[in-house]
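There are two complexes below, and they share subunit A, which is joined by subunit B in the first and by subunit C in the second.
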Partner chain A sequence: MDKSTQTEIFFGPNHPGVPGNYGINYNFEGDTVTAAEANAGHLHRGFEKLMEERIWIKNTALVPRICVEEPDINEMVYAMGFEAIGEIEVPRRADYIRSIILELARIQGHIFSIGGNAAGIGQYTIMNWGTLTRDYILDIFEEITGARVYHIYIRPGGVRQDIEAETFAKILDLMNELENERFPDLEKTLFENPNAQKRWQGKAVITKEEAIEMGATGPVLRANGVPHDLRKMMPYAAYDDVEFEVPTGDNGDAWDRIKIARDDMLQSIKIIRQLINKIPDGPVQTDLGNGLKYRIPKGDAYVKIESKRGEYGYYMVSDGSLKPYRVHVRGASTPLGLYGVREYLPGTRIADVPVWAKSLGICPPEFDR
Partner chain B sequence: MANDKKSIFSPVTAFKNLVKKPETVRYPAESNDAAKRYRGFHINDLEDCIGCSTCQEVCVNDAISMVEMLDVPAEEGQRSERPQIDYGRCCWCGLCVDVCTTGSLEMSRDYSYIEIDPDSFIVTPAEKDINQVDHPLGYLRDEHSDLLDLKRIDMEMLEPEERINSFIEIVEGFSKEQAEKEASRCVECEICTDTCPASMNIPQYIRGIFDDDLEESLEQIYEDNPLPEICGRVCTHTCEGVCAISHRGEAVSIRWLKRYAVDNVDSADYKKVLGTEKIEQNNKKVAVVGAGPAGLSAAHYLSVMGYQITVYDSKEKAGGMMRYGIPEYRLPYDALDKDINYIKSLGVDFVFNTRIGENITLDELHEQYDAVFAATGLHNGRSTRVPGTDNNNVYQAVNLLADIARGKEVPVTRNLVVIGGGNVAMDIARSMARIQMDKYGEVNITVTSLETEDIMPADQEEIEEAREEGIVFKPGRGPKEIEVNEDGTLAQLCTNCCVSVFDEEMNFSPTFDDSDIENYECDMVIEAIGQGGDNSYIDDQFEIEYAGPRIKINDYSQTSVDWLFAGGDIALGPDVITAIKTGHDAAVGIDMYLNDEL
Partner chain C sequence: MRNEKELLELINVHLDPPAAEIKRKQNVSVSIKQENLIQALSFLKSHSYQHLSTISCVDWLDEGEFELVYHLFSYDDYINISLKTRIKREPGVFQTAKEIWPVAEFYERDIHEFFGVEFKGNDNLEEMILENWQHLPPMRKDFDTRKFVNDNYEWRDYNGQKHTD
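Showing the complex of A and B:
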């Protein structure tokens, strides 16, 4: 590498152009990136080891923090892993409630990251709208679970408490507001903005082969026309009871991925309406006995769900004791954030590095853990 | 891309927000009330809280410490500590609220606290939260989020129709599955240990059952109790009365779990598990007078320390009141023998049919042994001494129970009355009910007591089971006279209404209403109104101090005569677990005394 023409800079970890506490160290020549390396680990909090030192129920308060933008997926797969190894059945109403929570989490995560993407190209109005709209969904979470961001609501065996009828009414009202007011405004202000289209179209392309080789799913793979969605392929919770479409794109670029995020939100609104309409009565929790003495047989399980960024899974190992033996987190954006950067970022122009980092849904807390 | 709609005018729609009210910035500031279930700062009812520290146990971030409260007494069933929360560590997950055994810990809707001093973020939640201002309640535990296991596993028991036909043990015992589930309910707070007279390592032996490590359970039990087969059946279990789970649910079945653990360890393995295969002897000798629970306990702990023990008893076998007072359907003899035989296997000598004061004097024991432990118990039944009690058909419960234990035939008539309201009255009534059923095909027994049912000293379960077996209760009656026929047979027991049993200072001083008369036809009366002891073998030879009717002892069961230790019902109790504790204390005390440390 010719040092006289190359410059190395630290892009992040403290930078509005990166999606979180994560850095990209890259060399550039002119204004094109020539080599890049991930500068990750700033969000390493030792979760996987911490979980080994705590009894099963205590970890429910720990896991939401593994993914800051969509915490509920962690609660869900932790509970699913426990239930898989312990062969525990969850009441049907709990399945429905879990799906509602996950879909609300999907909407708030998408609108927040659409805002983040917009900030990456300087459209700060959309960033504020994203944060604002998310706040109304957090109000719903506060009413259901008692907390806005880290809900600690989905537990092994079911969910922590039931949802009242008036809360369902509030959710439906919010869905109407989103569909009739806020998302159309978003459509006009962002998606029909020629500026945004120019900045995103044809940029940060990840092809189908590259995505499959890396193990990237979610919008990254779907933007190449592959309707890969675990909610349809291996339905969990109540997804086998609802009808929805899986949005795809054709070009594998940032524009397709961000449109898929928008379309996912519209599908989630449909799913939530169906779930609330059809939710059965019944208990919301299977009795598992004394919470301080939860114990499942020796065994292991890999459980996964469709997060907004793709396949998100936990590999859990139990040795039959009161604590998990091992919990490994498979973050959806792990391949992109750690390896994709090295392989596919070179060749991008500097101004498009934020577009690359944000539109691929790189989520540092889930691979730093 | 070609069909994506675009226009430079589209974003202009955003301008409509210029005339709308802002959604975030509000001036003047409005407070944002939290939702009903908001997990805010904690509040704690310090009177309901028992300091069990289960909240500390479940806290994910070690945010809770238990701190000593100066104005909270440590009484039975609670500790004087209360939880203190470090809000620098707390993440407001609310697991502490879900697990709280009394329900005293709650959360308010308060979420804002602004202070420069970081130490002020460490608070002991009380009636008001950290801001000391009233806030509406926030997150509350409900039946879905409750993390405790509140329901007991039902214990299988024989049905009344089956029970009445024999002296077979009524309680069937836990299966392995049942025992593990019941053991899982324990939160290991150790408040039971605080209450147990022998301070048994209760959560530890329960944990042994949960871990399927019964040898661990046995070791933990034997640290403080060498008679677990017995206590696992007949202990008064005050531990269950204070169990933390009993506040919102049913207490852990501590007594039945103890039984499960020891029932399922083979006696052949005891010495290996308890490390008593080889005990180094120290050539000192101690005499134990009385082979009841106190004597056996002292014999066990002294043997394990290396002393040579000889136990004297006036009866034919060891066990004291446990064998000769408690009926077989509550305490089968093979369970009793399992505990006694282990103690015997440690090298303890037993001399039966020997009464101190008759066959050998206490003074002679003092000469032959380095120390003496006296635990002769209370074996003399008291009498109401109303007219007619001198008749041949009036018996003492303790004498009949002893004869039944010996396997001797006892007199039983068709129509029995038992005077007394305690467990001994229940024991004799239910034993005689079985014998009546066998001999006459029906049960005809009336139990009458001074106490009304709500204050009868007998266990509630005993009273209920007795009723199921056909025994009739006439509580709140005082015996006036036993009418005797001319031929010496009994006619009836005449009673008056007992208006009150205790006076204002809670002294025993019953009052009666002579105008209220009820008579019960009977041909046999059994008195079970209390027992006294016979300490003449001590008092005839030595001056020792008494505390009321019982021998005065210090924390090491030592009497005012330094080589003479005493325990069991003649000093404390009266119950088996207290007797065991006095025996253990005496062993420690004798060891110290013989090493010139006491």
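Showing the complex of A and C:
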């Protein structure tokens, strides 16, 4: 490489084109990236260490903060890990409610990130629409949990409280509105827009072999025609009771991944309708005794669920005391944000770097945790 | 497609682990001696366990050991394997797995930064998250967060209220 023709540039950590407080340092020649390195560490809050110093129940208020875009998945894996080590059964109604919450969270996350992706190519209207549509779902969350973004609702043994029948009716109304009004608008303005197609088609390609080799999952893997989804492969909550398809693509590019996000939302609507139609009656929380004195036996568990960006896992270790001995977070975008940037970003044109970073769903707090 | 029992048989025959058990449905835990670990990883990778979720490290201070846990998954069997090994806390040196999974380089870098484990063969172990860190690696159990804060920072009074620890 001839150094005299190379320019080094700091993309982020404060840049509208990067997803969060995270930077990519890259070299370019002409307008093509020749080498890139992740620049993480601007966001470190020591979650894992902090968790070791708090009792089990207190961590339920901490874990959602790990990912702003998708807080609920953290509550879910944390609860699942606790239940796996303690061999605790969750009431069936709570399973259903958890799935409903997770699917609502998936829709809000996808619509938000489609907006973010659109902003990355200059389609700011879509970004505003995405934020607005997400807000309708946050309204529902507020009604169910009292909070808009961080719900602290799914907790070991079940969920915090039951959902009223009126709220279910509101959810169904909202699903109809999304399907019949919001999504067709999005289709016309974004997916049928030649500008968007040109900017996304054939860009940021990650092949099936590359994805499996580095451990990338979710839409990145599915964009290559493989329907690998943990909701099907290792069903948790109430996913074994519902029917849905796993959307896939053919080319492994940004365009396919964004179309998968759109199709995923339609599947989520389908799942929510089925769940609400056949939700069983019963309690929503197993009695685990005094919340300040939760104790589970010695043991460890690796639990994982399908977030909107793929496998999201926790490795949890208990030594039988009142606090977790160790919690290790495996974020969905960890391999992409660190290894993927160095290996697969070079060759991209400068204008496509935001397309690359956003369409791969990089969420810095997951590796900078 | 294997089920958990068939997988355990395969592991018991080829890897001869001291301990292997079915933890729960679709979850298998295997403990292995440290000298056999790298070979076990490549054996499992060639038997459809191609997905490395992550590498976890646990500090067992009382036993003077670090436990490294490699989480593998197979898209054929739909089974998760937690492959565990223990290394001595001092000097805390182990082999790299980046020849098998290049992405392991970054997981090891993270463990090196937060636990101080050295991975032989991985030449990219410089700081990634922390900056100019001069103290004990912070995720070790003998790193006391409160003491660190008291030694390095000053408590401030808030609205005329004195800070009480």
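A few notes on this one:
Assume the second predicted complex is superposed on the first by the 368 of 369 C-alpha atoms of A that agree within 3 Å, B and C clash if a C-alpha of one lies under 4 Å from a C-alpha of the other, contacts with A are read in each partner's own complex, and residues count from 1 in each chain.
In this text, contacts are C-beta pairs under 8 Å (C-beta built on N, C-alpha and C of every residue); 3 or more make two chains touch, one makes a residue touch a chain.
Fair warning: this is a prediction, and the values are worked out from it, not measured in the lab.
Clash-free side-by-side placement of subunit B and subunit C is the outcome of superposition onto subunit A. Touch criterion met: A:Q285 reaches subunit B, while subunit C stays clear of it.
Legend: residue contacts after superposition of the two complexes on their common chain; A:M233 is shown touching subunit C, with no touch to subunit B. In the superposition on chain A, A:D162 makes contact with subunit B only, not with subunit C.
Of note, the Cα-centre angle with subunit A at its vertex and subunit B and subunit C at its ends comes out at 70 degrees, rounded to the nearest 10. In the superposed model, A:A84 makes contact with subunit C only, not with subunit B. Comparing subunit B with subunit C, the partner in contact with more residues of subunit A is B. Contacts of A:G313 after superposition on the shared chain: subunit C is touched, whereas subunit B is not. Residue contacts after overlaying the shared chain place A:M214 against subunit C, while subunit B stays out of touching range.
In the superposed model, A:E48 lies in contact with subunit C only, and not with subunit B.
Between subunit B and subunit C in the chain A overlay, the least Cα distance found is 5 Å. On subunit A, the patch touched by subunit B and the patch touched by subunit C do not overlap at any residue. Partner subunit C is touched in their complex by these residues of subunit A: 40-41, 44, 46, 48-49, 53, 84, 212-215, 217, 226, 228, 233-234, 300-302, 304, 311, 313, 315, 317, 325-326, 328, 330, 334-335, 338-339, 343, 367-368. The touching residues of subunit B, when paired with subunit A in their complex, are 1, 4-8, 10-11, 13-14, 23-24, 34-39, 54, 57-58, 60, 91-95, 98-99, 107, 138-139, 142, 144-145, 147-149, 181, 184-188, 210. On the subunit C side of its complex with subunit A, the touching residues are 23-24, 26-27, 29, 50-54, 56-59, 69, 71, 73, 75, 78, 80, 82, 101-103, 105-106, 110, 127-131, 138-139, 145.
Interface of subunit A with subunit B (complex): residues 54, 57-62, 125, 132, 135, 139, 142-147, 150, 152, 158-162, 185, 188-194, 197, 201-202, 251, 255, 283-285, 289-293, 295.
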